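Please go over the structures that come below.
You will see chain A twice below: alongside chain B first, and alongside chain C after that.
Moving on, here comes the complex of A and B:
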């Protein structure tokens, strides 16, 4: 959001959230089969049917599916008949939610269904993600996602922002969650180095999973949810692609997005951060000015389950669900994309005063 | 709740060709974006956000290329989004960008779409089948040819109509300096004598594979007031989707297309599109889709579209010109093709279409579709600001 919330602008809230149990593999399920229960769940929570939804938007990646136009099949799961007003981003579902939020702000729709999904199990995520790097100068060298994250982790250690025991603590705390959907729960060995200084425990699991959210505007939100999670601000920013031109120990794009979303105006009590590597949580806590009083990733975050393309949307959903349940009054949700936190989205969610 | 009016104040595209070996993907998109900014007499600093679209990542073999393109598009420190809705993506991308302005989230947005098909092979990019699902049957033509046959059977159209469309569009392309195919020696006989690829679709009735990019600068009322050249105003825009295949689907005239057009006309206050719309930039990758979409979009009754084509109504000097730019049949950087339709519609109402300008074009429809005739995106632009 680039300007102050003016009177008369529509209030928009997350009114329902659903997700799969995230798993290492779901080879017996197609993407549509994986997604269907989640869509039924999220619509069931609100009592809405596909035909009642004003706008639908999804996020996914053809490269994960290994097939062009993979999202066209997911649409079958939505049951887009009669035809629906619908769009898709080749991004994490958090950005699909952003597109839906914009659509609701125009007044063209009062409700929106947002979903995203990713199956990482069929391929090698580390190899696949190299294909999103500069195709001429960088991708041919196949620097993988863990190696790039390790560069960033080492830069943070060298700058004195963290050390290996602190990183291990992030991993351990993340997996001590009681979130029933999480893939890794309880004591998980820190393990051997994958790429120094990152060990297995500093890296996300490889996950298959899906998530969905329903948004609604104004009074419609109050009808559909006892305690809507109002989106007070949402913004996203991208940084340069080249690792060499970025300051890897900082995240100016996350900070700017947070500022534009109004995150710094008042303290938050909860933060759901999309930090697939333990070192990235350290970095984001600093950029987003989260002190020890904030409950960071009570869901376990991406270190407990990392269904690529859905993990960011899940952060918004988890933050909203805490507001729905009365466990939070003001929460920050964050999503990221690209190598070493290149692109970042921040949403600020609030419940009505109690 | 009132929406902010949306104006197109800058348009830029590349000269579309089979292979732009002289530029990278970044070089290609920057060329189009630079031209759009120059048209609007704005700089990179004037842009608040970037919305980019393209068809599948497999067409270039780059996953989520917008990440790599952030620098080339001046997006560093700004919001950047990537839309992907199959062949309709160029249109959808422009509509998402327009929503940002209409919702007053941003004042001025750069939107861009591209495809650099020479970096890979679109045929193989679409041929990664998974078990138990319909493959595309040897490219898109194999998928669409049976639907063309169904149209011919239902409408009783003579089998000469498709070649008339191709002959018209290729001649129109000669007047468009950015068009890919410039066939100076084109004749109707040559079109009709070209090899049959997917019966009834002949070689010269199909789109080429192009490298190219197109960009537009969209802005609010205040931005339009500062624009150096006449803006095109958005009067309506909509997207509609339906499933790929199901028993009740009408592949000849999909309901999603009809609903999408109806929504755009409602927003624009159009009651009789045939009389109230001056020209159409229509997504016609195979020639027969002109008469089919004329019906789907409400310009002709069911079964009557081919008569408009046959009688010359859709010629550049007809009274409902279609694909003045040469259309997708002459230029097809797939991910950009939809946005080129939208941009060419805007060029017409701005009076900036050069040799392929339709005299007095005041309201023009831009149309895109994709997937198995299941994703639709359209906008109607006008020379005057919207009144409501």
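Moving on, here comes the complex of A and C:
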């Protein structure tokens, strides 16, 4: 541990990222069987062993598995003996990464392993996600995730921010990725309405998958990675639970998170947006002031693969990996949770000058 | 590799939730065909009402009646209604700003088709025939071209207010235990107990989960263990579980099967409950046609030495 640095000044970087190939079903694998190759991959990239990791944090949801405390079984893949410092968030792994980032900033650890996973295949994800809604006024009506996104899409269309052909173009561009991990690649029919105005092509695939990231502080990051992706800022914000209270054609929480993360101080060249629906990408581009010069979702984004609870962490990982490869110098990564972009997390990542 | 097992799994809870004063007034109002909102410090009226101002977080209690008529602020056509949704026939999801309110309520709109729906259209509440004090007391909205609904200036005071709701939640899954546990369950049906050996620390885990929890590596080498083993620790159960046909008291024990490096748990029978002890040698018992051991019974061997199983406690 380096105590010379003031804890608040510690630079933290993403030094490794791995993900599964995302698939419609992985029923032959338990969660831990799906997760383990990804954990070994990030540790292998850095040469770290479980015992070297200062802090471990994960994100997942019992509602996807249909079992209580399902994350405890996944811990078998980490090797939690002798005892490790570990935590879990019932959220997308992007929020687990935020917790790990705080832990590293305090100086309590120099390295962190962050992982998350989601198997949507056992249940019906549209129904499962209704259980995160207000239980008094909303959940008893069982409005599914596509229906809520469709209400927001119609509001955007009515306000003149987009139209159905523009939404189709978002889906088509997302799936034109060459990302080998993506579930949907190449031309995908725009399809019929799922809930109008959203068609199949505007909605994410239902995915099983996992992802993992290693964070490291200061010089440790430089030892572990040739070109660390430094987290220059990270922030997350939430809006009112009731969607009828919110301004659905805007995302003030995403914009505020981006502002606090320093995203608007200088232009970014890449943006990885966690927008499971094409309409949400339209909204986020506006809220985050991304112009056509920014490479948005070169990975394909959530429209190409959407392992719930991992898709946000993957956005941070994909942005970092582009910096590692020298394809980006300054990237914005975004994650969301809740209906109609209720919660938003923004991280700004940079590589050292070349 | 045998076929991966799958089975339906239904998770169902009747959540019983208590209501605060504002939610109680709103839901009681619906029972009485009155729609109430709540006024914030800056004069906005929120429908459905909340107990804390979403902007200032101040507690708010100032109930105001709003009309059962309103305007659609956005909509989405749902041509394939799902289980639990308000209408069985195709309908529109709508956010409706009721006359007198500043925020919108989510519900269903009964309309003949998407061409009959647009943002800005006027709608009114269609009340459910039987009302109990729940959001579903509004059956749905319906198109309406009349005047705004009349207000009686209701104060939100009711006799016999609703103080709670029961919110049933049901989710259906197809559970699959994955490769390692499928192998374990298949072997059980053949009256064999199998574990998996860690390639790194060489320990044998039973039941296997496909990973060594110490080393964090995948396990694959299947190893037959038992069927005899040693009781490492136990407890006496005195409370009868619902839907469990076992007389109390009975003994539940950790059992280190011969050849295994992790104890599994099982019920001990065939011996009085107060004679079960650490070190007792037991074996698995399958009942007729069973896919898994019903219980473990004493083998009659001498007890195991403490040193033989102390690492497995």
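Quick note on the criterion: the second predicted complex is superposed on the first by the 346 of 354 C-alpha atoms of A that agree within 3 Å, B and C clash if a C-alpha of one lies under 4 Å from a C-alpha of the other, contacts with A are read in each partner's own complex, and residues count from 1 in each chain.
Quick note on the criterion: contacts are C-beta pairs under 8 Å (C-beta built on N, C-alpha and C of every residue); 3 or more make two chains touch, one makes a residue touch a chain.
From a predicted model like this one, the values you see are computed outputs, not experimental measurements.
**Student:** Report for A:144: first if it touches chain B alone, second if chain C alone, otherwise both or neither.
**Tutor:** Second partner only, chain C.
**Student:** After superposition on the shared chain, which partner residues are touched by A:136: those of chain B (first), chain C (second), both, or neither?
**Tutor:** A:136 sits against chain B and chain C alike.
**Student:** Return first, second, both or neither, reflecting whether A:248 touches chain B, chain C, both chains, or no partner chain.
**Tutor:** Once the two structures are laid over each other on A, A:248 reaches chain C alone.
**Student:** By the touch definition at the top of the document, which applies to A:80: first (chain B), second (chain C), both, or neither?
**Tutor:** After superposition on chain A, A:80 lies in contact with both partners, chain B and chain C.
**Student:** Between chain B (first) and chain C (second), which does A:27 come into contact with in this model arrangement: first, second, both, or neither?
**Tutor:** second
**Student:** Give one of first, second, both or neither to describe whether A:36 is in contact with chain B, with chain C, with both, or with none.
**Tutor:** Only chain C is touched by A:36; chain B is not.
**Student:** First (chain B), second (chain C), both or neither: which does A:237 touch?
**Tutor:** Once the two structures are laid over each other on A, A:237 reaches chain B alone.
**Student:** In the superposed arrangement, does A:154 touch chain B (first), chain C (second), both or neither?
**Tutor:** Touch status of A:154: second partner only.
**Student:** So, does A:124 touch the first partner chain B, the second partner chain C, both, or neither?
**Tutor:** Only chain C is touched by A:124; chain B is not.
**Student:** What part of chain A is shared between its chain B contacts and its chain C contacts?
**Tutor:** 63, 66, 73, 75-76, 79-81, 128, 131, 135-136, 139, 240, 242
**Student:** Enumerate the contact residues on chain B facing chain A in the complex.
**Tutor:** Contacts found on chain B: 1, 3, 24-25, 48, 55-71, 75-86, 92, 95-96, 99-100, 102-107, 119, 125-126, 128-130, 133, 238-244, 246, 248, 254-256, 259-260, 263, 371-372, 374-375.
**Student:** Write out the stretch or stretches of chain A touching chain C in their complex.
**Tutor:** 27-33, 36-37, 39-40, 50, 63, 65-66, 73, 75-81, 121-124, 126-128, 131, 135-144, 147-148, 150-155, 158, 193, 195-198, 240, 242-245, 248
**Student:** So in the complex, the part of chain A that touches chain B is made up of which residues?
**Tutor:** For chain A paired with chain B, touching residues are 1-3, 8-10, 56, 61-63, 66-69, 71-73, 75-76, 79-91, 95, 98-99, 102-103, 105-108, 128-129, 131-136, 139, 235-242, 252-253, 256, 337-339, 342-343.
**Student:** Report the residues of chain C in contact with chain A in the complex, numbered from low to high.
**Tutor:** Residue positions touching the partner: 4, 6, 9, 11, 15, 17, 19, 23, 27, 46-48, 50, 54, 73-79, 82-86, 93-95, 97, 103-108, 114, 119, 134-136, 165, 167, 169, 171-181, 209-218.
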